[in-house]
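Two complexes are shown next, each including subunit A; its partner changes from subunit B in the first to subunit C in the second.
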Partner chain A sequence: MYRSQRLGLKYLTASTVMFGAMVAFGLLSSIYYIWPGFLLNVFNFNTAKIVHIDGLVIWLLMGFLGAIYWFLPQELDREVEGIALAEILFWVFCAAVAVVVVVFLFVQYGSATEASMWFINQGRKYVEAPRWAALGIVAVMGVFAYNVLGTTFKARKSTGILTVLMFDLVPLVVLYLDAFPEMRNMSQDLFWWWWLVHLWVEATWEVLIGCIMAWTLIHLVGASRRVVESWLYVEVALVLGTGILGLGHHYFWIGTPRYWFAIGGFFSALEPLPLLGMVVHAVYDAGSNHLRAANRPAFYWTLAEAFGNFIGGGVWGFMMTLPQINLYSHGTQWTASHGHFAFWGAYGCGVIAVLYLALEKGRGYEGLDGRAWKWSFALLNTGMLGMVGALLVAGMDQAFYERAIGGSTWGAFLAMEGRPWFIEGMWGRFAFGLLFACGYAMLVYDLLATRRREATVSEPMAAAGS
Partner chain B sequence: MTPNQMIATAVLLGAFVIAAGAYGLLYCAARISDRKMIRTGGHLSYMGLCLIAFALVAFTPLHFGWKVLVAASCAIYLMIPPVTWRYLARLHREERIR
Partner chain C sequence: MMEREQRYTQDPLFWRAGAIAATIFMSMVLVALTIDTLRQITPGSPRVPAYDVINNSVGYEYDPARAEYAPKIGGEELIFGHKYSPEEAAELIGKGKLVIQSRACIDCHTFFGNGGYYAPDLTRAWMDPVWSIYAGPKRADKLAAFMMHPLRLGAHAMPDLHIQRDEAEAAVAYLKWMSSVDSNGFPDRFGAASGQ
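Here is the complex of A and B:
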């Protein structure tokens, strides 16, 4: 195994740990909606939520890095350039994440000074990490870009997937720099902040996961490289074509000019189209393989990725993307429902698929099939469906009573907290969140059990060899 | 737009994409299995998509431009599964020949 692949496994392990932290803090955050006085003056709701959503970004980012460090040396038949630096930065990354979480947990917030921004919290959603840690992320991404570009240039060859990945590295690194500027005008600040949040998620990450899933298909079902690459180009063109200006759906209510209603609504409405193409592709591949693959967990998680992306991103997104509906739905639990479903479908399932793929190839263990992965698959997906269903009911109730009837007043907001459907929605989210957490526990159990099984299998083989 | 219209429109928009997905899924399943029932299911899903599009255009207070977009999307959704399928099949065929 290449050193880079060992690093990939470390990233995937760290990503799984962050997944657990995200689930734990998500559950914690959901309790505040049921008992608003929970941990009053001890641990703020907003801090729990910060760790939850930043944990989401970090677990996926680590998963992507792990997947690419895993596939890259296989792609070029050589060790990754600058791997020693990448290994050092992995530990720096993990240490920085740990320190930031400790600061969030125990310091939580500071006064409105430069020092707070540098050492406690930058104060912008999704990129709350203090400035020193944000600089660390830039360093990690810079070294990652160097690893990919350096290895490709050193190998003096490239593939279609790698070419797409190399182009994607530019916005991946550059857009993150949007985490730094200080703007006092809130409209301007949000305008650029969405470039980071939306364009990372609905453009750069989509391309990144496209490359990862292309490699996954090649390794998982032996898909032809030419077919996968041709399809990747089409998908990337469509996703970028609709996703970049789909950014406009975040510009409806932040003080930008009116033309963003038309641009945002139009391109957002087109976003489900390439997702339907992906469903067709998934069914085509699944049908060609008669729903069989040597690595069944990875195969089923790959299918879940295609369908989850379509339903979570396409269906849930289209429900609320046109300005006339979005006027009432934005910022409610309805949005949270869409966010949970889309992130899970588009990225979460893909990272888990790679995890199983790396586990199989990395440990030389072919028989991953068992009952535990099926339980984790069922619990995680049922938990997610239940959560997004409950949030949708609560969010629609909110849009109806608090926004449309109540006129978004403070009184309407407070009255909303006592509405039966909203309360039941919050309970439903908590209950299904617990189910999701059980699925996560089962996933970890399966990953650890696979390690044990692999050790048991390899012992007699080693004895036979000696 | 009244609160009831807002919820009804949003549900119809969601159902519109679900129907498109069902049509795409059943179209592909029918191509793989060649079962008449599945093919009929695909046709029914597309009919459902058209009905939902009609409801969105005729009964909801969406602005004219969005209604045109919904109608156009309805036509485009009809083509996506067969066009994508043909493209994938051609790619695979060419690959086998190579």
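Here is the complex of A and C:
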């Protein structure tokens, strides 16, 4: 195994730990909705939510880095350039995340000074991490970019997937620089903030996971590189062709001009297209393999990624993206429903697929099949669908009663919180969140259990058939 | 099957050209629109008033010509008994933004609908019926007092985030300025249900 692959496994392990932290703080955040006054002035909702959503970003980012450090040396048949530096940066990254979490847990917030921005909390959603930590992430991304570019140039060869990846590194690093400024004009602040959040998540990350899933398909089912690379290019054309101007659906209400209604509405309505293409591709590959693959967990998680991305990102996004609907759905639990489904479908499932793939090839275990992964697959996906459904009920109730009828005032918001559908939605989200957490526990159990299965490789295969 | 005659659509390079063309074209359009949008949302423009708008009354009314709600800026209505020069106003608003970021307000509340969904949207908080029963100068004091010592409103209570008097004044000024931004009719019918 290459050193880079060992680093990949470390990143995937750290990513799984962050996944757990994200789940724990997600569950904690959901309690505030059903128990008003919970931990008031001790550990307020906003801090719990920050650890939940920043944990999400770090979980996925570490998963992507792990996947690429895993696949890159295989792609070029050589060790990754600058791997020693990357190994050091991994520990720096982990230490920085730990320090930031400790600061969030125990310091929480500061006074209105620049020092608070540098050392405590920047208070911008998703990029709350203080500036010093954001600088650390830039360093990690910089070294990662150097690893990919340096290795490719040293190898004096490239592949289609690598070309796309190298191209994607530019926005991946450059857009993150947007995590620092503190602009007094909220309209401008949100304008640039969406460049980071949308162009990262709905464009750069989509391309990144496209590269990772392309490698996954090649390694998992022996898909033809020619077909996979053609699909990847089509996907890039559609993702960036629709997603770059699809950015406009975030510019309806922040003070920006009216032409964004037409541009954002039109292009974001097209955004599901590449995701539908991925479903077609996945179904085609699954069908041509008769739904069989040596690594069944990775195979099913890959399929879940394709469908989840399309339904959670594409369909759920489209449902609320046209300005006529968005006027009422924007900034409600409806958005939270879409957010949960899209992140899970587009990225979460993909990272788990890579986890199983790396586990099989990396440790040389053939016996990954068994009952545990099926339980975790079922619990995680049922938990997620349940949370998404519950949040949708609450969100639609909010959109109609607080927004459309109530006129969005504080009074309308507080009245909405007492409405039965909203309350039921919040309980439903908590209950399915618990189910999701059980799925996570099962996933960790299964990942650890593969060690024990090593000795009895053939038995789990037999058990799977029962 | 592998030996089928190869057409250009089976050549990845054909699709690569499409990907590059789509990305470059869309990026150029985005850059052009960004330049225009930034110009239109610079403080002092019709959409985003200058920071010293905090010296005037700011309301939110239905505009029949636009068939939507829009901010309405009126005559002088000072807050905290002070008329702010453009420089002072900009400084105060800058401090208000730091208060909002340092307390991570956006992770509970929403601003223009963006943020935490756990607490009310603050886009038009300045003219919310809870506060607009008070005339402008008194309203600013009431809002500042609430931020410093939050009261329980409905089921949820806002935490005490140790906001000092000067910080609260800056945050109130920020909310007043933000409520003057033209956000294309968002939120719709704000305050209509309560007869405001």
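Annotations for the structure displayed:
The working rule: the second predicted complex is superposed on the first by the 454 of 466 C-alpha atoms of A that agree within 3 Å, B and C clash if a C-alpha of one lies under 4 Å from a C-alpha of the other, contacts with A are read in each partner's own complex, and residues count from 1 in each chain.
Rule of thumb we're sticking to: a residue touches a chain if its C-beta (ideal position, glycine included) is under 8 Å from a C-beta of that chain, and two chains touch if they have at least 3 such contacts.
Since we're looking at a predicted model, the values are computed, not measured.
With both structures placed on the common chain, the touch criterion links A:109 to subunit C but leaves subunit B unconnected. In the superposition on chain A, A:328 makes contact with both subunit B and subunit C. Of the two partner chains placed by superposition, A:378 touches none, neither subunit B nor subunit C. By the touch criterion defined above, A:311 reaches subunit B but does not reach subunit C. Taking subunit A as the reference, the larger set of touched residues comes from C, when subunit B and subunit C are compared. By the touch criterion stated above, A:266 is placed in contact with subunit B alone, subunit C being left untouched.
In the superposition on chain A, A:230 contacts both subunit B and subunit C. Of the two partner chains placed by superposition, subunit B and subunit C are both touched by A:405. Residues 226, 230, 234, 328, 404-405 of subunit A are contacted both by subunit B in one complex and by subunit C in the other. For subunit C in complex with subunit A, the residues that touch the partner chain are 10-12, 15-16, 18-19, 21-23, 26-27, 29-30, 33-34, 36-38, 40-43, 47-48, 51, 90, 93-108, 110-121, 124-125, 128-130, 153-157, 159-162, 164, 167, 170, 178, 181-194. Those residues of subunit A lying in contact with subunit C across their complex are 32-33, 36-37, 40-41, 44-47, 49-50, 109-114, 116-117, 120-125, 128, 160, 163-164, 182-191, 193, 226, 229-230, 233-234, 236-238, 240-241, 244-245, 247, 250-261, 263, 327-328, 330-333, 335-336, 403-415, 417-418. Touching subunit A in their complex are the following residues of subunit B: 1-3, 6-7, 9-11, 13-14, 16-18, 20-21, 24-25, 27-29, 31-32, 61-63, 65-66, 69-70, 73, 76-77, 80-81, 84-85, 87-89, 91-92, 94-95, 98. Subunit A contributes residues 224, 226-227, 230-231, 234, 262, 265-266, 269-270, 272-273, 276-277, 279-281, 283-284, 287-288, 310-311, 314-316, 318-320, 322, 324-325, 328-329, 396, 399-401, 404-405 to its touches with subunit B in the complex.
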